[in-house]
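Please find the structures below.
You will see two complexes here that share chain A, one where it goes with chain B and one where it goes with chain C.
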Partner chain A sequence: MQMRSLSTWLILGLTLTFLIGPFIIIIFAGASAGNSLAFPPDGLSLKWYLKVFTVESFRASFLLSMFLAVVGTLFALALGVPAAYALNRYKLPGDELIRTIVAAPIIVPGIIVGLALLRYLVVPLNFTVGMALFFAHTALILPYAVRVVSSSLNNLRSDMEEAAVLLGCTRVQAFFKVVLPNIRGGVLAAFILGFVTSFNQVPVSLFLSGPGVRTLPIDMLSYMEITYDPSVAALSALLAFMSVAIVFTAERLLGFSRYV
Partner chain B sequence: MSDAFVRLRDLTLSYGNTVAVPALNLDIREGELIALLGPSGCGKTTTMRAIAGLLSPTSGSIEIDGRDVTRLAANKRGIGLVFQSYALFPHLNAFENVAFGLRLQKLPEAEIRAKTEAGLATVGLTGFEARKPAEMSGGQQQRLALARSLVMEPKVLLLDEPLSNLDARLRLEMRTELQRVQKETGVTMVFVTHDQGEALAMADRIVLMRDGKIEQLGTPADLYDRPETAFAAEFMGFENILRSEGRELVSDQGRVTVGYESAAPMLAWRPGAVEIGSGPLQGRVIASSFAGGHREYVLDTALGPIKADAPVSIPEVALGETLAFDLPEGTARPLFA
Partner chain C sequence: MFMNKKEGLILALPAALFATLLFLLPVMILLSEAFRIDGSWSLQGYVDFFAKPLNQVVFLRTLKLGVLVAGTAAVIGYAAAFCIVNLPAKSRGRVFGLVVLPLMISPVARTYAWIVILGRTGIVNDVILGLGLSDTPVRLLFTETAVFLGLLQLFLPLMIISLVSAMENIPRDVIPAARVLGASWLQVFFRVILPLTKEGLVVGGTLVFTGALTAYITPAILGGSKVLMLETLLYQRVNVANDFVSASVIAMILMVMSFSANLVLKRIASARS
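Showing the complex of A and B:
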């Protein structure tokens, strides 16, 4: 009994250390009073947290990342919700294949996706870097959108739509008036998952960055190559807080974890 | 039959290559309450879905009120369907569920309000406007589904096993409720059931289906007293069905000689039509149960098991004892198929 509770505590302690440890380290590393990235920090101050907001390139890349995450996710949802609906409701020829293809970006390493997009989209088709990034992020989020929305569609009986049609709806109206309101939790969950995925995306974006067009994580990497100061840690901590806050709010409002 | 309101002509319905309903012909009169009765998988739901327009027929035609609607979209047919699962909209409250179809018609708000309130009142749900379906009992949900269809003033109201999810008491209550609503509104109603008691109690006419075909069509009295086939007889509670050959009654288990010769190839008796306590035939009691007004026996006889009801005036016979009985020609229903 004693042993058992001891090992339980040990496992719990280890798990927490690995989960929260890096987060704690980053928070403190960013709060250093010194000039180089170190842990434990040399003294405590908030100057690096404040400096983050004054770095011009951070501001630009934050806006780009924000744009990609919000608009890319909305785009992915605009494609993914109808796709999930069609896969769920109609027996399509080859729907297994479609399902596999849609899920592919989750399985294929991001670095390969990035390289492929660069090689076959940007170079031959003359896509601008911005367009390529947008395309890549939309494609990356799409599988999450399809998957999360599918699972809430599975819980929705199709006779509700038939009832709506018999009351005078067209199929399209039935979708907007009956289906969508009943899967909005799933759609919001997909949005949050897509947003976080896109925002934290490195490998794909790595290949698709150009002069002045960098997502925030890429920008942070290149910043670190030149300046090894704690502001990167401070920024990471702020971003982590943002993600946690979003997920926490969603969980509170909707029971987000039900849909993932 | 020029007075047919709903007319199904050679209606063939299939799923892929499997034909569920081959060439169905049926005429339903205006204001009639029709029961579609039959065992599971005989095509009742399939037929309803085709009438509603949710399933397009492979061939044949559907006419409603003198108009061919075979190719008309489901949302233009003016047909109401109450689903077995109710299919209420969980995100809308009772009022908005009922108002849903009226809003699509872009009626003035005051009219929507008046019609919705009237619809809710018809099914006894006044005061439940703000409830979501999940906050209502099974019976209330069912009545809500009914109101939602009724306010649309459908030409035909279809109900797919409307009572099957309800407990016995509520089921009886809803039976009368449905009949009342039908009389009040005069709507033509078709309801599906596989409960013969329900069909007998409610319907003006019963359509007994078997394997996608109509086995027999008639009034409850027709079906109850005068089933035409062994299938119909069995469905209507004629539990003893025997072949008649010369002066003998024949089953798969054996044969016995009786004092008459029937013109029909088969004879059927309800348990109550078997005469018990005296007669030329003998059976050993293998099961016996009290059923209120009478006692139900299962007898092991030369013809196999025979089910017989005895009036309570006859003293109870113990299991294993032998009982004399008769299968009289006078109480038998002759069957020709």
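Showing the complex of A and C:
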């Protein structure tokens, strides 16, 4: 028995070191007092963590990524919630087709999406790169929005809203007064999932960047090609903390994992 | 269930139209591009693509790395999942949480760590030089091994998650029963655990394989132009050579892989319910 629990912890220890270790290395590499990327770092300091906030291009691309993640996800929800509701509550002609169409973005590799929108929206139709980027991120989140909201609608019996309608609500009122409050958790979970997915997304944004339009991960990629200082490590660590904090809070507050 | 079809369609149509016009249509046109050379239908784009030795190398390398990463993930995944399932409930949740954690972290951050580990002044080279195994730093970055490690680290959690959920469904007494009846651990694995978890293995394997195939960041950062994979080749064909025919061929290959993987997953999901 002793032997077995020893080997259990050995296997788990090695696996977790492999999975989490690089992340810890990044935190320390970013906290270096020296000027080049190294581990163990040449002395500890927070200068790179502070420097990140003063790099102009990081600030601009952070704001763009935030905007895409927040507004793109809201837009995807504005499209996805009604669609999920319709697919759940109505007998629609061609509902399988609609389901497949709105779920499609999850299957298509991101790099193809970015290139396709660049070639056929931006170039011939005069869409700006920013608009194409926004649509690409929205499309990417749409499947998650529909799926997560659908599953919480599935758990909500439809007689509640039928009762509301019988008692004099319009269909729209019934939705906002009865349905929406009850699927709040699912909608919020979809928002968080969409936010994290969009914020960390790289392949979709790869071709969709131009002067002044660049998401944060893309900006980091091009920064690390030129410079070899610890600022990207510091920034990576900060972003990782942000994602983990968001998901952790969501899990604590609403049992996020139930919905995903 | 409401019967008013018009109302339902009005609600579902914006999402469907959005996805069709701004997403599916451009993607379809891109995929069809390789079939239209100089205005007529042809397979010449594909023939030319696969005739180039570099493209063959990249294609085979991508498949090879996908298989290797999925296979290695399966071996580690089984060991880790078996340990996790047998933990007491409280530590099981914690360990599982740590396995899931990396999935929330930006792939850029996760891949960047490997530069610190494998770079010229990285940890591994410090050890190699320190032990006197080599006089000069060994090139570890921009090798297939670096890409392999990066991809494995990125996608291993998906395999462990799939296998843990498959193993949780193995009836409790089956393994002790097999042991009591004289099976060795090897026999227990191949005749009890494997057959009972093969769906989880297929789900995990498919996720890891397609993930590795369609990853961009890892081969870009850790492989560079020395170890091209299909995604980085696509990027290069477009940005360096304006070669949209090759780009379309690669896009189709990636699409077919991803689509078939999705079919496999769907089939398993519907067989379960």
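Basically, the second predicted complex is superposed on the first by the 258 of 260 C-alpha atoms of A that agree within 3 Å, B and C clash if a C-alpha of one lies under 4 Å from a C-alpha of the other, contacts with A are read in each partner's own complex, and residues count from 1 in each chain.
The rule is simple: a contact is a pair of C-beta atoms (placed from the backbone, for glycine too) under 8 Å apart; a residue touches a chain by one contact, two chains touch by 3 or more.
The model shown is predicted, which means the values in this text are computed figures rather than measured ones.
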item: Contacts of A:Asp159 with chain B and chain C, given as first, second, both or neither; value: first
item: Touching partner for A:Gly168 - first (chain B), second (chain C), both, neither; value: first
item: Touched partner set for A:Ser57, first chain B, second chain C, both or neither; value: neither
item: First (chain B), second (chain C), both or neither touched by A:Thr15; value: second
item: Which of chain B and chain C A:Asn200 touches, first, second, both or neither; value: second
item: Which of chain B and chain C A:Ser45 touches, first, second, both or neither; value: neither
item: Residues of chain A touched, compared between chain B and chain C (which is higher); value: C
item: Partner chain(s) touched by A:Pro93 [first = chain B, second = chain C, both, neither]; value: second
item: Intersection of chain A interface sets (partners chain B, chain C); value: none
item: Of chain A, residues touching chain C in the complex; value: 8-9, 11-12, 15-16, 18-20, 22-23, 25-26, 29, 36-39, 79-80, 82-83, 85-87, 89-93, 95, 98, 101-102, 104-105, 107-113, 115-117, 119-121, 135-136, 138-139, 142, 146, 158, 171, 196, 199-200, 202-203, 206-207, 217, 220-221, 224, 232-233, 236-237, 239-240, 243-244, 247
item: Interfacial residue positions of chain C with respect to chain A in the complex; value: 1-5, 7-9, 11-12, 14-16, 18-20, 22-27, 29-31, 76, 79-80, 83-84, 86-87, 95, 98-99, 101-102, 104-110, 112-117, 119, 121-123, 152-153, 156-157, 160, 214, 216-217, 220-221, 231, 234-235, 238, 244, 247, 251, 254-255, 258-259, 262
item: Chain A - residues contacting chain B, complex; value: 157, 159-160, 162-170, 173, 177-178, 181-182
item: Chain B to chain A touching residues, read off their complex; value: 52-54, 74-75, 77, 79-81, 83, 85, 87-91, 100-101, 104-105, 148-149, 152
